[in-house]
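Structure first, then comments.
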Amino acid sequence: MHLLDIQNVSMHFGGLRAIKELDFTMGEGEIRGLIGPNGAGKTTFFNVVSGVYIPTHGRFFFKGLDITRLRPHGTARLGIVRTFQAITLFKNFTALRSVMVGRHLHSRYNFLGALLNTPGYRNNEQENLERSLEILEFMGLSKYKDELALNLPHGHQRALGVAIAMAAEPRLLMLDEPVTGMNPEETAEMMGLIKKIRERGISVLLIEHDMKVVMGICEKITVLNFGKKIAEGTPQEIRNDPTVHEAYLGGEDYAS
Amino acid sequence: MTGQVLAQMAITGITLGLIYGLIAIGLTLIFGVMRVIQYAHGEIYMLGAYALYYLFAVYHLPYWLSLILSTVIIFFLGVGLQLLLFRPLHGKPMLYSLAVSLALIFIISSGGLIAFGAVVKGIPSVISGQIKIFGAELTYERLVIAGISLALILGLWFLLQRTKVGIAMRAVAEDPETSSLQGINNRRMHFIAFGLGSALASIAGGLMGTLMFIVPTMGFMATVKAFMIVIMGGLGSVVGALVGGFIIGFIDSFLTTLASSELAYIMGFIVILVLLVFKPSGLFGQEWE
Amino acid sequence: MSTAIRAQRKKIGIVLLGVVGGAFLLAFPFIIGQARYTEHVAITICFNVAMATSMWLIWSLGFVSFAHAGFMGIGAYTSALFLIRLGLPMWVGMWAGAFMGAAIGLVVSLPLMRTRAVYFFMASWAVGEVIKRIFAYYRNFLGGWEGLFNIKPPKLGPIDFANRTAYYYLALLLVVFVVVAVARMNRSRTGWIFWSIHESELLSSHLGIHALKYKVVAFTIACFFAALTGALYAHYHQYINPRSFDIWVSEFTLVHIIVGGLSSVAGPILGASILTLIDELLRPTEFYRVIIFGVILILTVLFLPGGLESIPRRIKARFGRLPEDQGTRKRLLGAFTDGLSRKAKGGE
């Protein structure tokens, strides 16, 4: 059984066909790259999978479960967590608080417990705190734990976005351009982190324009253009694929 | 129901629809171009009515001059408000503009009660005589007022579709970042939009005041109706404001005659709430965050 | 000074403040010699603080509800009718009113919370308006525009709550209940969830937070508190009419929370208290007091966007411990660049 199984999915917005009859599968433990020129439909794809949009046609499955009509809180509950192309954070929360909120699904939150400050609630929050600190440590953000998200430098804001996603304990982590605006050091760090994330048993689906990153850590790459899949294969295969070259001509910088 | 009653209701409905349309278009302009909630829009409407009253009925300037002058005064008042109060809030969350315009309501309506007194006044008619349509009375005055409203709406359409200023305003409304990159002076557009929106409200106030009566608390209802119409028609949509204006105008006219103004009021709300359930962005609204 | 010691000092300070403040509040009627008018103002402050605090709860999710006064009215009318028609004392009526408010709030919020924040304020306005009109419409049952009379306050053994001093303690109990409940909610994970929806519904929903559910919960609870306040209001004034619960009341409550500050529970408390005092002081000036309210609001929005509660922070930033490095300074200033929506810090 595939981890993610997209069957003949289309996403139309009025006259605009953002995704056309897309078939896509992904297995557990993969680091999959999703590339394509601007406007190819990559972020729309994420939006469909995570439940921001309900596809116009087609169905898709997560570990065999039909999740076509699930909304974001539903897909998150199943273990599909994503980050966003534009930096999307809780601007006025500290990094630590942000990650604590990220743990929502696994925080054993109970309204009455929280209201009455029961020992059970306090114990849970202690555990949540420890786990959150672990995640911040893992992402290299420990020293920023009490900084407001809006005050963090750009690269750390992106890292925080990933940290928050990690707090939700994903089975499938979908990263939308995680290294945009990062310098080479930060980029290399993120690449290492993504590999470590996979070592923890989390599958990763990665949208990225930086080809070094994509070629560097993805075992398999899917290429979209104009909402359709035009190629799929190993980095080597994709690098040499003439259709892919053509798609990028006149648009993206497709340096290998 | 006789043809006469029907015709009368239709006439009232059309007149109200046009005037409501004017107020609503003014509001939707302000909101569309600046994403500002001008909760005090109805108060501007009230000020326009009183400006006309003072110029025409008290200082005895010719009606037409009074109308134009009052509009110009309120236009600049609008620009002033934008400059002092709303400009500094640019980019901040909507709660700020709501708060500031709420404060304006307090100040203007209470100020109005102090300055103008709570007595209901009327603006004397300039034109007399009427004709009969399907047995219903249509005063020339009402005809002229409807005509002025229509002319203004058409003029506005022309402005927005054919002139540089209008197209620039629409560009700012649609995409402020791109419009400024294209060389449009966003700031100036904001001033013009606020002034223009206020001017429309002012004229509507004058016309309604001429048709019926004026009282310092008339702004409240105008605000309610304006927001109802703008939300129904879709925030930022001029066509929507006009269509919504007619819908509310007809509901008001028909239900007030047939039942009560209470019912007309409530029905207006119900229609909007129902509409929002099916079309959350209004009839012609754009999806925006 | 280390953060730990600073935190402990802060805690001691708060406890001290609580004890002194609590003692003052409890002794208040006797401090002022049971002066009737002063007690009236104090009771009014209690009601306004309760209303402001519950409205603030709704704000923590990012919404402004103009229906709030309407729900106060639901509680007031229910409790009044329980006494007038059913002969049941306020002790029963007030809970009936509170639960009625909550129930209607729940039903109304289900469709209402689906609208976007911009439309929501108008939709909530409509709800409040409809509620008021319903009160006014049913002459026989609800008293119409004339309202309901003879809403007698209850007795408890030897204590007759027609005595204003006794009612003061009742009002005090109400406001403490509401404030503690809201403060507790806000401080716990519940509050984090609420604010996360406020900050970014997109992100929080992608973390498994069912935004609609929490919006409905918060709104319902807020309506519960508003209705409870309404019940106590009814039995205090012993007379209510639809105009007591119209849009102006909701609008004034909004002014209370904006002027007081929107980022912590201190905001509504400060705002409602101080503005109610100012309102009472200005009562003889009639229309001018409304104008002054407007001016205060504009001044607050333009020059003190964090509200009254942000004053200690601002003083500290300007005169207090000088920030040693960019980071701390940025943190202090970052805290009120977005004035109206600063949230609590992490690590509590």
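For clarity, chains are labelled A, B and C in written order, and residue numbers in each chain start from 1.
Convention: a contact is a pair of C-beta atoms (placed from the backbone, for glycine too) under 8 Å apart; a residue touches a chain by one contact, two chains touch by 3 or more.
Just so it is clear, the structure is predicted and the values come from calculations on it, not from any experiment.
Peer 1: Considering only mean CA positions as chain centres, point out the chain farthest from chain C.
Peer 2: Most remote chain from chain C, centroid-wise, comes out as A.
Peer 1: Looking at mean CA positions, which chain is nearest the middle of everything shown?
Peer 2: C
Peer 1: Any idea how many Å lie between the Cα centroids of chain B and chain C?
Peer 2: Here chain B and chain C have centroids separated by 34 Å.
Peer 1: Indicate the whole-number Å distance between the mean C-alpha point of chain A and the mean C-alpha point of chain C.
Peer 2: 40
Peer 1: Could you work out how far the Cα centre of chain A sits from that of chain B, in whole Å?
Peer 2: Using C-alpha averages as centres, the distance is 47 Å.
Peer 1: Going through chain C residue by residue, note those that touch at least 2 other chains and give them in order.
Peer 2: Each of 341 in chain C touches at least two other chains.
Peer 1: Tell me, which residues of chain B touch at least two other chains?
Peer 2: Within chain B, no residue contacts more than one other chain.
Peer 1: If you look only at chain C, which of its residues touch chain A in the complex?
Peer 2: Listed in rising order, the residues of chain C that touch chain A are 181, 184-185, 188-190, 192-193, 195-196, 199-200, 202-211, 217, 327, 330-331, 334-335, 338, 341-347.
Peer 1: Note which residues of chain C are touching chain B in the complex, please.
Peer 2: 64, 111, 114-119, 121-123, 125-126, 129-130, 133, 137, 251, 254-255, 258, 287-288, 290-291, 293-295, 297-298, 300-302, 305, 340-341
Peer 1: Where on chain B is chain C touching in the complex?
Peer 2: It comes out as residues 37, 85, 88-89, 92-96, 98-100, 102-107, 109-111, 113-114, 224, 227-228, 231, 235, 262, 265-266, 269, 272-273, 276-277, 280, 289.
Peer 1: What residues of chain A sit close enough to touch chain C in their complex?
Peer 2: Interface residues on chain A, with respect to chain C: 50, 52, 71-73, 76-77, 81-82, 84, 88-98, 100-102, 104-105, 107, 109, 111, 114-115, 117, 121, 125, 145-148, 150-151, 164, 167-168.
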